[in-house]
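We just call them A, B, C and D in the order they show up, numbering each chain from 1.
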């Protein structure tokens, strides 16, 4: 069972300066000066950002997975995000210029758990879901793990896979729904073969809920550990609103846990992925 | 703050300042304590608790709206036993002023909850959230009719003993909020909490279905502030001696002052804490500064000031 | 727009498209005609007219609120005689579809207004704004009680003759809007207009008094859209065959679609025209594009779509 | 009696580019590329501007008097505004950079009436109320009128009186409430003496309502014409909302007329300035 825990004890609210904002394919790669926050950030953590400026009608923060954090540099600590300009809030963020100050709360949430022995790991990312996996890959590699990375998206340019991100991985497989690059098909279709090929012992995943659900099923079939970073709509990001919950198994029943505090990284085997089961239990 | 007496009273209880959290918007307090010391604000109003543990609703549970949001949590919570065992001791140990919010599906459930609270030390008041569906009467909300509202308050009054101030939390979704206020005042409440959320809905134009799993949800945030100010003004006008805990879209000291001038003896900060974890503390500081600027030396002189000599 | 049948019906009348102006937000039409041809939209709903000329309230008459505004115009207008003499002929001459909104202080006044309209050619419907204070009953709003709402509609029905569709405009400030809808439907309306403004107040923290000269005002704009969607959804659920003219915070084609999916047969644009004089036309174009994108070939198939197979 | 008229028939909605934005004392002097709108703008007209950007919670336009309009120039027609950064909307506008596009409706409202003979005119402006008077002075001077200008404010730097604006005036008198420049005292206190001195026949005024009201009284005492540009809170600016009304005399009674259509320039003698009279009549 997942034991409920309290808000990430390193979380702080800061005004973070935009140090860089570059378009990379359909995404924006953004760097922020965050001081101490960088040193406390672990792969899997996220930040919550105010959007829309002072007169904004958008009153809720937006969550973004930390792509990488570096606690040294000419500007002190910094973190990097990969932002998809999707709706009003993310478009506003992508439109911020270098030098602008952004209201940010972080680091928030759980981090990916690191195996104590040097296991064979597979990191699976969908779309911008790949973002937190590169920093994770580095940590795993330093622990002596084998790191196989599989990145998928609907089409080639939606795969976020920067060159420097690849240096820590033993293999990199790409998949696209439209076949424009790599293996043709949904990312989950390719996974079983790869698990066998690389003798995977632990899966880490991040991406759309449908993808995570499919991988959870595969991990169960292979009986291997699966840590996934989920994405539920969050109003507060700090555990006070109860909007971001996900159903997990609980003494034969069901329990709603907050993905901003008990997640976003969770044990894929604990989550109840089937909506019908959930609706029946409520 | 030196010159300002910032304290306020609800019934027999005094609070060091009039800024509270709103029920359901600060969980049971601990999470916010990472951002500021909870003793800095007047009180923590805990999330409405029921007798048994509740799973709450399926997701999506929220939808952002212009200057507001809808929520449909379904009163997820650990139930009164676990709440009294885990949450209250932490708050008490940290010397936080506590207002416990309770919710029920039947009149009896409110009575049971009140009885459980009567012996608990360290609680400053009980907020009775009567904006809940009454399962014994086609899911009609208790707060929407004088008879059901009265029945709930009487059950609480009977069970709680003489000590603890009772605050009835009313719904704005009624034809005449003064009428409901009048009924619960006659039933013996010490104060009122105004307002709970407005019933709303968002339809996702992509899926073409209601966005929330629970279809409708409660609208909160700055969008509803004018409705809150109006409700507080009307009720304070009719019952100037009944303390009101005002809430609804307060995001700044200016907003809090607006509710105070309308008639609020205390102001709860709800949705604003989602956008800004420091909101309650900042609002407390801004309000104190504004009052001082305006020459108030006692916070209580500002309560209902907009009614005077208009 | 080629493939889309964009027309809609209220009672016996057909409108070329479902985007109307909202009463009181387009004056009597001429001012907007500078920005686009009024024949491009489904109908102009004129400002609620009374029997006699009305000066309206003192200023300030408005206050901006987060994603909304309060107004307290007090039904300023020229009175039915001048209105029929000056405003209607211009609209008729310009081939604009007209829905005349009427308002009264007594049941009789509504009857008188209906009688004056029965012989006027070129009118497509009458909207009965019952969100007015009833001077014969302590200023209680007609729309807030089933008996007064029914009395007004019956007076209009009796006086207007069989031809003109009657649309009752309801207030959201009631405990149960479905109950009011049911009453006016039984009294014989052909359609409903949902929603009028919510009662609100803003206090000016500088003067520490209510900002509006009339103290309270009506809240409109995007802030109230979730309340409008909820009201339309509830009423359409209960009375799927009664056409609803939806309104409340519509500022884009997406917003209009949301109200249509909830159950609106037409959508009125109010406050949005203040911020953007072209709003109604732009919303019409955006809605038509959205419907086409989603594969609708008949606008009427989208009405209430959110209710199907949820 | 003021005959009701319809919306300024030249009004258009445009996206106007910010050509310049300079701080002048406590004000911002801003120039916008407006094309044809410039040629149609007359002294006294105003524009209505959307504020706060796309995610704005501010849903109403803000009105600004046109300071000057020029229909030729390297960028085509342009208009200039003088903006006081007061609340959320005006601060947002003052924060817009050169190159930004602003949603503007104009020209709106009535213009100052020009005497058919060469009269002695006095132009009285309070605070940013001086803005529309400079263009008016030019027109009057070209008509052969004597133009005496009186500008007042609470303190010296709040008087908006650019050098180039002064070339059309025969005399310029300044007043400040705090005595920091010019005559010490409220602007209206100085007026009677100046009217006598300059044999004023027509007064034009623009500024806070209290000032206009005081001047209206003086004009009545001297029995001279008084055109004033009023400022009432406006929700639409185009005559459809009825929020911007001002009480005028009407067959012994009172009538509320829209200041966005029948104003902002109105006959000071028609307006009912006394609030008690108005409240009693309602």
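Descriptive notes on the structure:
What we mean here is this: a residue touches a chain if its C-beta (ideal position, glycine included) is under 8 Å from a C-beta of that chain, and two chains touch if they have at least 3 such contacts.
By chain, with names taken from UniProt: A, D = Dihydroorotate dehydrogenase electron transfer subunit; B, C = Dihydroorotate dehydrogenase.
Remember, predicted model here, so these are calculated numbers, not experimental data.
Note on connectivity: the fewest steps through touching chains from chain A to chain D is 1. Per-chain Cα centroids separate chain B from chain C by 34 Å. Rounded to whole angstrom, the centroid-to-centroid distance between chain A and chain C, based on C-alpha atoms, equals 47 Å. Here the CA centre of chain A is 35 Å from the CA centre of chain B. Counting partner chains per residue, chain C shows two or more touched chains at residues 66-68, 221-222.
For chain A, the set of residues touching two or more other chains reads 57-58. Viewed as a contact network, the protein chains are fully connected, with every chain touching every other. Only residues 63, 65-68, 70, 144-145, 173-176, 198-203, 205, 208-210, 215-217, 219, 221-227, 229-230, 233, 249, 254, 257-258, 261-262, 290, 294, 305-306, 310 of chain C touch chain B when the two sit together in their complex. Interface residues of chain C facing chain D in the complex, by the touch rule stated above, are 24-27, 30-32, 34-35, 47, 55-62, 64, 66-69, 71, 73, 76, 221-222, 251, 271-278. Every residue of chain A that touches chain B in the complex is listed here, in rising order: 6-7, 9, 11, 13, 50, 57-61, 103, 105, 232-233, 235-236, 238-247, 253-256, 261, 275, 278-279, 281-282. Note for the complex: chain B touches chain D at residues 66-67, 222.
Taken together, the chain A residues at the contact with chain D in this complex read 51-58, 88-89, 92.
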